[in-house]
Structures are given as C-alpha cells and as structure tokens.
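Each in structure tokens, the structures are laid out below.
Same chain, two partners: chain A is paired with chain B first, then with chain C.
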Partner chain A sequence: MDLLLSPQLLFSALVLGSTYALVALGLNLVYGTMRLLNIAHGDLIMVGAYAAFWFFTLSGLSPIIGLPLIALICAGLGLILYFAIFRHQLENVHPVERIEANSLLLFFAVSVIVQNVVALSFSGSPRAYRHLDEVYHLLGVSMTANRIAALVVAVTLLSAVVLFLNRSHYGLSISALIQNKTAAKIVGINVSKIQILSFTIGFAIAGVAGALISMTEQISPFMGFPFTIVAFVVIILGGLGNIKGGIAAGLLLGFVEIYVVVLTSANFRSILIYGLFVGVLLLRPQGLFGKTRAS
Partner chain B sequence: MTALNGILKDRVLLIFLTSLVLTVFVPDLFGSYWAIVALNLMMWVSLTQSWTLFSGMTGYISLGHVVFYGIGAYVVASTFKVLPLWVSIPLGGVVAGVLALLVAIPVLRVRGPYFVILTFGLAELVKYIVLNVETSIGKSSRLLFGAPTIETLLYIMIGLAVIATLMTKLVSQSRFGRGLSAIRDDEITAETVGVPVVKYKITAFTLSAVIPGMVGGVIALKSTYFEVLQVFNPVISFTVVTMAIIGGSGDVRGPFMGAAFLLLLSELFWATIPQIYMILVGLFLIVFVVFAPNGIAAILWPARSRDSQ
Partner chain C sequence: MSDILSVHKVESGYGEVGVLHGMDLQCRTSKVTALVGSNGAGKSTLMRTIAGLLPNTKGSIHFDGEVIDKLPSHARVEKGLIMVPEGRLVFSDLTVADNLRTGSVNVRAREHWQSTITEVYDLFPRLYERQRQLAGSLSGGEQQMLALGRGLMGLPKMLLLDEPTLGLAPAIAKQIFKVMPALVERGISIFLAEQDLYRTLEIADYAFVVENGKIIMHDTGKVLKNDPKITNAYLGDSKS
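Now for the complex of A and B:
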C-alpha cells in the first residue's frame, strides 16, 4: 500500500501519462479533421527524436531550446506528404470509408519508407545521448531534470493546444471540422485550409513528443511502432476525434500502465495495453468519455 | 454444382491452376534454393488468396490475419512428435477457423477504421498471451527436429495454394460471394434486400482463416523451429495486404501477381540492401493505392477484372 501511494510512482505515472497524451494528440487531430488513419504517427515521433539527437550531438543544442526547430522539420514533412499524397485523396476519393482505408495503406507505406530511409542514412543501431540527467530530490521524489522538463513541456503544450482549440479562430474552425465537416463547410469554414493546418500541427506535435522522448530513452529507426499503438489505444479510449477525451485517456493510460506493472510484472504490459484496446473497442467503441455518435 | 461446372469451363482459371501445380518440378529443375523461393511464393499466394476471400470481397480490411497463421504454427509446433503431421497441420487450420468464428461474432459488429485496428489489436493480444503462456511453461522457442524435406513441404504448400485459389473463386461466383460484394458496396442496402449480412460475414471470415492456419503449420516445419514473436509478426499481415493491393483482389490471378512481384523485388534487393527493398515496397504501395487501386491484375486483364468487381 505504501508503494502505491509513493510520490515517486505518482511522478512516473504523470510523466508517462503526459507523454502518452502528447503522443496521441497529434494523431487525434489528423484523424478527427480528415479521417486519415496515420499509422506512421510513431515514425514522426522517431523523426523528431532523431532531429533532437543530431542537433544535440552535432551542435550541442538542447532539445528543449531546439523544440521549435524540430517541430518545424516535422511540420515540413507533413506539408510535403499532404501535397504529394493526401490532398488528392481528400478531394477525389469518396465515400469517407474509402479515404480511411486508403489512408491506412498510404500511411503504412509512408511508415515503411521513413523507417528505412532513416535506417539507411543513420544505421539501424540504437543511439542515446546524455542531457539534463542530474537528479533532483523534492518531497521524497528523485527525478532527473530531463523528466521534469518533459513533464513541463508536455503539460504546457497540451494546455496550449486546448486553449488554441477553444479560443482562437483557427482552433474553433478545427473543432468545428472535427464535429461536422459538412456543417463546417456550410458556415463558411475554408475546409482545405483548416485541414492543412491540422495536418501540420499534428505532425509538429509528434516531432515535439519525439524530442522529449529522446531525452530519456534510446532511439532507433524502428522505435516508432509501439508509439503508434499507444497513440491508437489512447484515442480509442478517449473517443476518435475527441481531443480532450484523448488527453484524459493518455493520462489515464500512463497511470494504469505504471500501477499495473508495479502490481504484477512488466511481462503483462503488452497484454494490458492490447487487452484494454480490444475491450474498449468491443464494449464502448465511442470511447470512455464519448457520446454515442454514428461512426 | 453449377459453380463447379463454371470452374471447369473457366480456361483462365484452369491455366492458372495448372501453372501453380507445375511448381512441383522446381526442386528437380532448379535445385533447392529455388525450391525455397517457390515455397515462399506458394505461401504468400495461399495467404493473400485467403485474405481476399474475406477482405477483398467485403471491403473489411483485416490487419490481423497473421493471428491465424501463428495459431496454426503453434498447433503444429506444440503437437510435434505427438500427433502425426497429417493430423496436426489440418488441426492447425481447424483451430484457426474456430478462433476466427469465436472472434468474428463480437469483432464484426464494428465497422470501418474500428474494425481494422481491432483486428490488428486482437492479433497482438493473442501474440502476447501465447508468449506469456510459453514463457510461463519455460519454452521460449521450440526446435522441430526431423521435419519433412523442403520438397515435401513445397508439395503440401502447392496443394494449399490451389485449394485457397479454388475456394476464393468458388465463393466469388456463388450467391454467397455476390452477397459479400453487396456488403462491400453498401452494407445497409444489402441487408435491406435480404442478404443475411451477419451470417455471410462470419462465414467468410472463418473460411478465410482456415488456409492461413495450415500455412503457418507448414512454415513452422520449414524453419524447423518455432518462436512466438516470429510467427505472430504483424509484418506478415501487412505484407499480405500489400500483396493483395498491388496484385489486385478482383481477379484470382491478382494475389499471385502481387506475391510474385514482391518476391521478385525481395530477391533483387533483400540480400544486398534490405532497406532499399522496403522503401520500394512502400513506394509501389503508394503508387498502386493512388493510381491503380485494382492492382496489376486490372492493368493486365482489364475487362475480366471489371466483370468480377
């Protein structure tokens, strides 16, 4: 019982949960506004992680300072992909189920290409770097500076995105598009402009998440896939396209994972993740927090 | 019976099946390296053909077909030297079919993206459950000493490829197959006009699992060892989908074209620079999804593919 209430565990769960929320946020934006199933999402996280690694190794630039640059790189990748492949799908393919199926295949291809281009350029072996790894003690919790930084950045960015979606003109347009594309079009929202915006924001957030993850974990060209899975579990839990639900679900998953692993064993982590995933899909496909909505 | 008659009159199909069967001469003519290539080709043809039986016809994309392959391999590996192979390989197919039947009832209630990621998630869930079971009984991998020769396995695999092809063809020409196509075009309309949607979907899903179950068993024998992460590798599911898309699933020759095309690419590049092979697979997949969604078969034989669409 002492173990369960320990602030150390709480801290780990918060860090993991906020990372998961951030990892899933980008995916949710892209799915919610365009119905594109981005199974290359984890690979964008990998790209962000590699960008952070190279900036740090080559010029000593701290990933925290370099975040805007890393976000820009992933956003640029997003723009290229949008105009090269996905704009055509969004404009010419009907019905929406067809776009979903095609996007899955296309993003699978993108995933394979990105992974292997990175493996070809920088070799497939894992890499890591040491940055901000001094340990602080606070209220009986030992934490490394990079975890604190990751937590602070993740929480700031999550709050900023929620504020942006609720308050700004563009953000409200994105929310409207998520809720109802046809209605959004009727009230005069420039749908394709908003789609480009959410596509690039989604990619940029993935890059930032990757940079944060690279500070505490080994990176490799094939590190992305588990994050894709986590991102899907989270947005399914929160309800596809439900941004706030997704953030809550990310935090929840972080907590559940940490506490289940502590109570049982690390072997059960995968069973837990997929069990939760399958269970929610079967019992509540609209998500834990979702209202019933035609899929 | 009319369907069977149709098959006997179908020259294209007969020529295709004959050429599949002619693969039995590969080991004698070209040696054991090409026998393994032929075995791989037949394996992918069987898997892709089975996949199109359900996913090609109904439009429900299954990303978890590896689970049936893996469970078949598991049955054969865990009963190796206990049951004779002529029992354990078909048993792998039966177990895969039963598993498909059990999961079909809840899984097929969901549609679209939910279905796709659910099949994927289920396959991974089964993988980790099997992995934990194997670890807890202290078997991280199993060696299968005294498995049949590559030639024997090739003959079995050719048999499976022929059965898978015939099955898909028979289904596509039957009332059942037309029902499945109707589901793909518009499920609600299909139900309204009296297609027993639920029954058809469950039957097709189950049928499409049986052959992969047996294929998995044969492949476990080929590699002479069984390792959970390898036989349940999700890359197998993705490869099957890629082959079906590139080859085209509207024509029985499509899965063959897709499998042959990817194997050719892999022969050319895998040994030297595997990354180049993977990048090319990705590029071709994009090109086909965007420009030729009905695959190579529809490019080579346009009229016929349109008929069966």
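Now for the complex of A and C:
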C-alpha cells in the first residue's frame, strides 16, 4: 500500500501521462478537424527526436531551448505534406469515410518514406545523448532534471493549447470545426485555413513531444510505431476529436501503465493496457469522455 | 426599392442528382420574402446553394450588388449573407455563449462581438440564463433561438431562415415568428422557407411557391394567402 502512495510513483506516472497526452494531442487535432488518420504520427515524433539529437550533438543546443526550432521544422514538414498530398484529398474526395480510408494509406506511405529516409541518412542504429541527467532529491523523490523539464514543458504546452482553444477566435474555430464542418462553414469559418492551421499545429506538437522523449529514451528511425499506437489508444479512449478528453485519457493511461507495472510485472503491461482499452470500448464505444454524436 | 438578393436561372443539386431546375427569384431589401412549397420541393437545396454549401451548376446569384456564386461560404458570410439552417446545427458540445461567439468569427463582426452578444441576450433572455450550459442540453426551441442568435452575431444584412419553426411547440413557433418583424425593423432582410403556410404568408411581404425545383407562382403574401389554389394544395399537407 505504501508503494502505491509513494511520491516516486506519482512523479513517474505524471511524467509518463503528460507525455502520452502530448503525444496524442497532435493526432487528435489532425483527426478532429480533417478526419485524417495519421498513422505516421509516431514518425513525426521520431523526426522531432532526431532534430533534438542533432542540434544537441552538433552544436550543444539544449532541446529545451531548441523547442521552437524543432516545432518549426515539423510544422514545415506538415505544410509540405498538406499542400503536396492532403489538400487535394480534403477538397476533392467525398464522402468523409473515403478521406479517412485514403488518408490511412497515404500516411502509411509517408511513414515508410520518413523512416527510411532517416535510416538511410543517419543509419538504423539507436542513439542517445546525455543532457540534464543530474539527479535531484525532492520530497523523497529522486528525479533527473530532464524528466522534470519534460513534465514542465508538457504541462505548460497542454495548458496553453486548452487556453488557446477556449479563448482565441482561431481556437474557437478549431473546436467548432471538430464538431460540425457544415455548421462551421455556415457561421463563416474559413474551413481550409483552419485545417491548415490544425495540421501545422498538430505536426509541431508531435515534434516537441519527440524532442522531450529524446532526452530520456534511446531514439531510432523505427521508434515511432509504438507512439502511433499509444496516440490512437489515447484519442479513442478520450473520444475522437475531443481535445480535453484526449488529454485526460493520456494522463490516465500514464497512471494505469505505471501502477500496473508496479502491482504486477512489466510483462503484463501491454495486456492490461489493451485489455483496459478494449473493455472501455465495449462499455462506452464513444470513449470515456466522448459524447454520443449524431453524425 | 432594390433587390438585395437575386437568383437567376440557378441549377443545383447533389452530385449527379439535379434538384433545382432554373430557379428565378428576387428578395427586396429590408423585407420578408418567403419560399413555400411542400416537403422535398427544393427549399433547403436553394438555401444551401445561396449560402455556398452547394455549388450552382448553372445560373447566377447576386447579393448586395455583387455576383457571389463563385465565393466560398465564409466569404458570403463576410458579405453579410447568413444562413440559419434547417435542423439548427448548433455546436452541441460548446456552451451557449461559445456557440454565439462562433457566429462572430467573420472579420466584419469580430470586433463587435461583445456588444452584439448583449443585443442577442436582450432579444432572447432565455439564452442569457443558459449561457454557461452546453447547447446540446437545450430544448428544441432554445436551440432554434441559439441558431438564430448565432446568425445575428455575424451582423447579417440578410438572414436565410430555413424552417425555423420545424418541430417546435406552437407557443415557441409563435415567438420565433414575432422576432422576425423586429429584425426587419433593424434593416435586416429575411428570406424564409417554411411549411407553416398560413403564418408565413401572413408575415411575408412577398412569396414564391416552389415545386419540383422550380418557381410556379409568386405574388404578395396577402394575395397568395387568399388564393384557393395555394390553400388547397399546401395547407392540407403543411403539417405532415
């Protein structure tokens, strides 16, 4: 019982949960506003991680300081993909189920290409770097500085996105578009502009998540897939397109994973997480925080 | 007297399926113009085409002195042509206040949203009371008020009202009809599609009768209201 209440576990769960929430956020924005199923999402995280690695290795730039630059690189990649591939789909393909199906295949291609370009450029072997790895002891918790930094950045960014969605005109337009595209057009929202914005922000956030992950984990060109899976699990648990639900689900998944591993063993991690996932969907097909939707 | 909206030989539909076959009509500035006709006649299709949700394959649409039929829907809203759709289409997971704010995202209305929302609340005190509630939890009548209020938030020159009383209790329908003259008084032109023939012709300055995607008759509301052809043909099934 003491173990369960240990601040050390709580800290680990918070770090993992906020990372999962961040990993899923970009996917949720892209799916919610465009119904694009981005199964290359984890590969964008990988690109962010490599960008962080090379900035640090070549110039000593701390990933934390370099975050805006890394976000910009992934946003740029997003813009290129949007105009090269996905704008055409969004404008010319009907009905929306066809867009979903096509996007799955297109993003699969993107995933394979990105992985192989990175593998060819930088080899397939895993890499890591040491940065902010000094250990601090606070309230009986030992934590490395990089994990504290990752937690602070993730929580700040998650809060900023929620605030942006609630307060700004653009954020409100994104929320409206996620809910109902026809109604969004009717009220005068420039749908393609908001879609470009969401696509770019989604990619940028994935890059930031990758940079944070690279500080504490090994990176490789093929590291993305598990993150894609986690991101899908989280946004389905949270209710597809439900941004705040997705953030809550990310945190929840982080806690479940940490506590399950401690209570049982690491071997049960996947079984229990996916068991939870399937169980939730059987009981609530719309996700934990999803609302039943007419359309 | 000038026409704020004129629809000229418009054809439109869904993919291969043609619904409108050469629609012709005009709406006067600061008047109520009605579009009546039975279920499936093409009223909503015309409304959607004017709002830019559907492209017209032929013909032209002029609004406020400009050709608008090649503009995307948000650009038409920017010009002051705003639709309140059939079925209301409020954002059910957003609060009443946020729904209203979405109505003012167009550049023209954006900076005035705070004063406009006060006016909308004055017009519909019920929305003021429920401003923190999710739109999905409102009754049908309240959602209709919200859809109308959201339209007003965009500072319309013209409102396209598609069946604003469909499925509402008579008392609430009456209230919706009562709001319209007040809007016209503010200079807003109204184009109203309705099945409630009697009330519609009562309130309309001018009306067009649509059948199978074509205008078959048009006159002042007063004349049409007393035309036995109309009352026999449409009053019977107006409640279906």
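Just so we're on the same page, the second predicted complex is superposed on the first by the 293 of 295 C-alpha atoms of A that agree within 3 Å, B and C clash if a C-alpha of one lies under 4 Å from a C-alpha of the other, contacts with A are read in each partner's own complex, and residues count from 1 in each chain.
Convention: contacts are C-beta pairs under 8 Å (C-beta built on N, C-alpha and C of every residue); 3 or more make two chains touch, one makes a residue touch a chain.
Nothing here was measured: the structure is a model prediction, and the numbers come from that model.
By the touch criterion defined above, A:Asn180 reaches chain C but does not reach chain B.
Look at A:Thr228: by the touch rule set out above, it reaches neither chain B nor chain C.
Set against each other, chain B and chain C touch different numbers of residues in chain A, with B touching more. After overlaying the two complexes on the shared chain, residue contacts for A:Ser18 are found with neither chain B nor chain C. Legend: residue contacts after superposition of the two complexes on their common chain; A:Ile189 is shown touching chain C, with no touch to chain B.
In the superposed pair of complexes, A:Asn146 makes contact with neither chain B nor chain C.
In the superposition on chain A, contact is made by A:Leu172 with chain C only, not with chain B.
Applying the stated touch rule to the two superposed structures, the chain B and chain C interfaces on chain A have no residue in common.
Residues 31, 35, 37, 85, 88-89, 97, 100-102, 104-106, 108-113, 115-117, 119-120, 229, 232-233, 236, 240, 267-268, 270-271, 274-275, 277-278, 281-282, 285, 295 of chain A touch chain B in their complex.
Every residue of chain A that touches chain C in the complex is listed here, in rising order: 169, 172-173, 175-176, 179-180, 182-191, 242, 291.
Residues 51-53, 72-74, 77-78, 82-83, 85, 89-94, 98, 101-103, 105-106, 110, 136, 150, 154 of chain C are the ones that touch chain A when the two sit in their complex.
Within the complex formed with chain A, the chain B residues making contact are 59, 61, 63, 106-107, 109-114, 116-118, 121-122, 124-125, 128-129, 132, 135, 238, 241-242, 245, 273, 275-276, 278-279, 281-283, 285-286, 289-290, 293.
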